[in-house]
Amino acid sequence: MPDLDSVVREISEEMAARADRGAVADYIPELAHVDPGRFGLAVIDADGRLSAGGDSETLFSIQSISKVFTLTLALGMVGDRLWKRVGREPSGNPFNSIVQLERERGVPRNPFINAGAIAVTDVILSGHEPREALGEILRFMQFLAQDQTITIDATVAASEKRTGFRNTALANYMRSFGVIENPVDYTLGVYFHHCAIAMTCRQLAAAGRFLAHNGRNPSTGHSVVSPERARRINAIMLTCGHYDGSGEFAYRVGLPGKSGVGGGILAVAPGRASIAVWSPGLDEAGNSHLGRIALERLTQRMGWSVFGA
Amino acid sequence: MPDLDSVVREISEEMAARADRGAVADYIPELAHVDPGRFGLAVIDADGRLSAGGDSETLFSIQSISKVFTLTLALGMVGDRLWKRVGREPSGNPFNSIVQLERERGVPRNPFINAGAIAVTDVILSGHEPREALGEILRFMQFLAQDQTITIDATVAASEKRTGFRNTALANYMRSFGVIENPVDYTLGVYFHHCAIAMTCRQLAAAGRFLAHNGRNPSTGHSVVSPERARRINAIMLTCGHYDGSGEFAYRVGLPGKSGVGGGILAVAPGRASIAVWSPGLDEAGNSHLGRIALERLTQRMGWSVFGA
Amino acid sequence: MPDLDSVVREISEEMAARADRGAVADYIPELAHVDPGRFGLAVIDADGRLSAGGDSETLFSIQSISKVFTLTLALGMVGDRLWKRVGREPSGNPFNSIVQLERERGVPRNPFINAGAIAVTDVILSGHEPREALGEILRFMQFLAQDQTITIDATVAASEKRTGFRNTALANYMRSFGVIENPVDYTLGVYFHHCAIAMTCRQLAAAGRFLAHNGRNPSTGHSVVSPERARRINAIMLTCGHYDGSGEFAYRVGLPGKSGVGGGILAVAPGRASIAVWSPGLDEAGNSHLGRIALERLTQRMGWSVFGA
Amino acid sequence: MPDLDSVVREISEEMAARADRGAVADYIPELAHVDPGRFGLAVIDADGRLSAGGDSETLFSIQSISKVFTLTLALGMVGDRLWKRVGREPSGNPFNSIVQLERERGVPRNPFINAGAIAVTDVILSGHEPREALGEILRFMQFLAQDQTITIDATVAASEKRTGFRNTALANYMRSFGVIENPVDYTLGVYFHHCAIAMTCRQLAAAGRFLAHNGRNPSTGHSVVSPERARRINAIMLTCGHYDGSGEFAYRVGLPGKSGVGGGILAVAPGRASIAVWSPGLDEAGNSHLGRIALERLTQRMGWSVFGA
């Protein structure tokens, strides 16, 4: 097997040099200012060893990657009852589509499209003040990454709140079917804020380690979820983690992964490593263009695809 | 690790005893006669050892499972040019939906829904007589399973031809966009016949071995496809192999798999085993009810999920 | 020709006696309290003579019938520029569908479905305070009906505001495409209030007279719109005035008409009469059940269908 | 009122001179050869007087205009039982859309979209040989127009049969739901042939006279349908006669009408006149571009809109 440090370094150098970088998301004004030239990669193996390259220590907005952690948290709170409020099938539609909601009476297809993540946030919020629910999500991220410095970028949250008309539409639409139970403003407030958590590639890779190792962080020994639940979250990441580009990601990369419009991707190589990559330019389906290419290189060279050595 | 023979035996006994068996497909009249009480399971490990239980030696109609093999064959013929005629994203719709075709100008979402498999069949047919194309598909199955006795059940093919109005609609619809190039009757003739191939669980598990072992049958040493192509076919099976129940199959079983309305499922545990299961009763999404449960048991007990040990 | 007074009296008596009355709308809580046994009918002919029967002097919530008058007002303000913000084709979908908006980039199909009427309200609001815009709409209604006593039922408006999640979704969705330009709360505030205008059948028939007489009230001599514009508003009422039951209304009644979920219908017999009917029970498409039947009787007996004597 | 002869002459001259002519249909190869410069107009008033201009004596393919006459014939055969097989609401979709069929279990929205007209043709065919059914349709046209010379253009029918994949898809799709009962080839054979009837503007205006005069041809005294049925057919023409441009036609022209992709339009001014116009260039919704403009001129100048004098 090739040396992981060398592979990470070579990929980081190749990506830094590429001219094709996709387009930075502009639907959240605050994100549109990010330099498209950035690229970071961090890989933490089963022994806890970090291999990192590029801008792996730069903070970026994790956006929809937070959906993996809110799903984990909500499953811990209500267990399989969660699946009455959200499905777990690929949607076959873009990340912010409302068409499927009308056809299926307000129940979102899966927890990784916007509507589904808003429904999951509503479950976490139930019976709490928005501030408390948000605190719980943030502390969970800090605990997973073993890093108390992780915070929310309030400017990004405010920017999305000002312009998030489509998410407001989705939330009100689900509320009309009773799938959202709390005041829409509360649920969206928590949603916009957990999407605005800022992390580095290194922190994100650390936070995802429990998914790579049967629900348990092998360095701290903390058991986050059962092995079965870890496998199941990985399954949803693989089938639904990249919106209407999930099939393409599985085909090219072959790992469970979740992308965000901030340009980050968290990927999981079961038994082997937790991986975070970041490059702000997006492809047409809203996933990081260079992030996906970097992960394709990495799994090919390391033989990490779940679909064959 | 538990003993595979014991596990297969115990699962087969449990499944034979269960009362919940789903509903036998009735949209193809000939298939409606099959006894819902049947259950068969065959597992062939990396060393070529067979563990089998129940009706593993009974012939059944493989139906849509043939789509895995026609995809493999078409990729061998035209390579990545195939992807101009068919996508590789989950559809978010039932197996025979025509809605997505209208929205996306006749290009089916993936090769494992009916429309996609008809388009793949049209590629295989190009430049040949239907009889030749069908012969090629059948010889490919015989070669993969190392078994010259495999044949087509002409009664099933005729039954589907007489009643396959919806598939005829799909094919004509794609023809109107130029996605189907041959006379519709020719393409559908080949399609209905390769769906009517009859195999046993043992034969089917044997035919799928190349997908479990990087494109190569470890017993014969025959290389069928490159390792990369094997991984990619597995990826499509995982994201699209069970129609609108693909997310559920990944969530519960955690293996690439392809189902057929005859009640069979082919599943692939990369590096470990090729698995075929058969039970004719279907769930709401059109996938074998007990077949899926049996595979869930098997992967749990053997620790074979691709998403974690 | 039969005597109009007798016809109106006989229809009113028949409707009062019928047991099939449809179901009172319950999605706006305040409307659910209305007695389903009520029925009123008022017809004003070209000479200004009133023929009335049943509860023709009882106030009811005009709801979507207000859309005819806001359309008239908005056309007066911006003319044909209005058609950049809303279409004029039947939608083929229920009154509150959001599917079509996604497919057509936030531009509603016509001004008589909820989304379209919200867009029209947004046009009227532009550059004004909500209170001013609402005052203008109310004064327009009072002017048309020549009745200063017409007011808004604030309880109904508040009830809809509290529960109007689906309209809030529609408005935010259009806002995300830029089709709504004002703050969503402002536009919806005006919309919910003009839907809550309370009128009697007599007042409503009076308000609609300009549409029956080439844009001009023949009693007052006031010219409200040009003859061409009156014809065109009538045309939109005929093709789009009853949501997904517009074809049925044209087929059975044969007059331009607009229904509201309060159970009212305004119908226009060009050159002959302005007609208002009210019965709170609705059919499946959300239109007054007895109201439609009463209008069918009326046009048959008077020979008023626009499609033949 | 202006002189009809002068109005018809002036409109014909204006249309002959216009440069904007739309695009000739190319999806039926045989129709693509027609000269886009042609324009014809024929109006027959209540007294049977003909006013004609331009190429009013040139044969053209009536295409979907035949749907008005097959609807009339089918209603005569099975009465209101027809409405179990087809609806009467605008579709909100293009003429050849299949999406609505999937959502509504194979029942077409109305008899004037392709799917609906194929279902109506299937009703006419029931219990007959295709040749007999077609003979009946042709004789009905000859009777209505009082002209035995009317025939079918077999070349156009054959051209459409060779290329009508989308209609074949629609028919097979409805067959899968049992909405089509005869062999698909038979039903389509009759459908393609009645669409290929060739007529002049004068013949077509003559054939449509019963719809303008309460179901009865005032010159021959033949009663074709009851007054109620004539009104109802006119209502469906107004709401559904121009596919997804029906609202626009009602808005601009204000008459019941039915268009065909051959460039013809039949329009009905109840109590006043039957009108046929022909110009082969089509607009985006598939309706004759100059035909619609000519009718808009005609109704404005004659004051014939059903929506006001």
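A, B, C and D are the chain letters, set down in written order, and residue numbers restart from 1 in every chain.
By definition in this document, a contact is a pair of C-beta atoms (placed from the backbone, for glycine too) under 8 Å apart; a residue touches a chain by one contact, two chains touch by 3 or more.
Remember, predicted model here, so these are calculated numbers, not experimental data.
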Graph distance between chain B and chain C, where chains that touch are linked: 2
Remotest chain, chain A as reference, centres from CA atoms: D
Centroid distance [mean C-alpha coordinates] between chain D and chain B, Å: 47
Intercentroid distance (Cα basis), chain D paired with chain A, Å: 55
Intercentroid distance (Cα basis), chain B paired with chain A, Å: 32
Two or more partner chains touched - positions in chain D: none
Set of all touching chain pairs, with the criterion as stated earlier: A-B, A-C, B-D, C-D
For the chain B and chain D complex, residues of the former touching the latter: 97-99, 101-103, 165-166, 168-173, 175-176, 184
Interface residues, chain D side, partner chain C - complex: 87-93, 100, 109-110, 212-215, 227-228, 230-232, 234-236, 238-240, 244-248, 250-251, 254, 256, 270-271, 300, 305-309
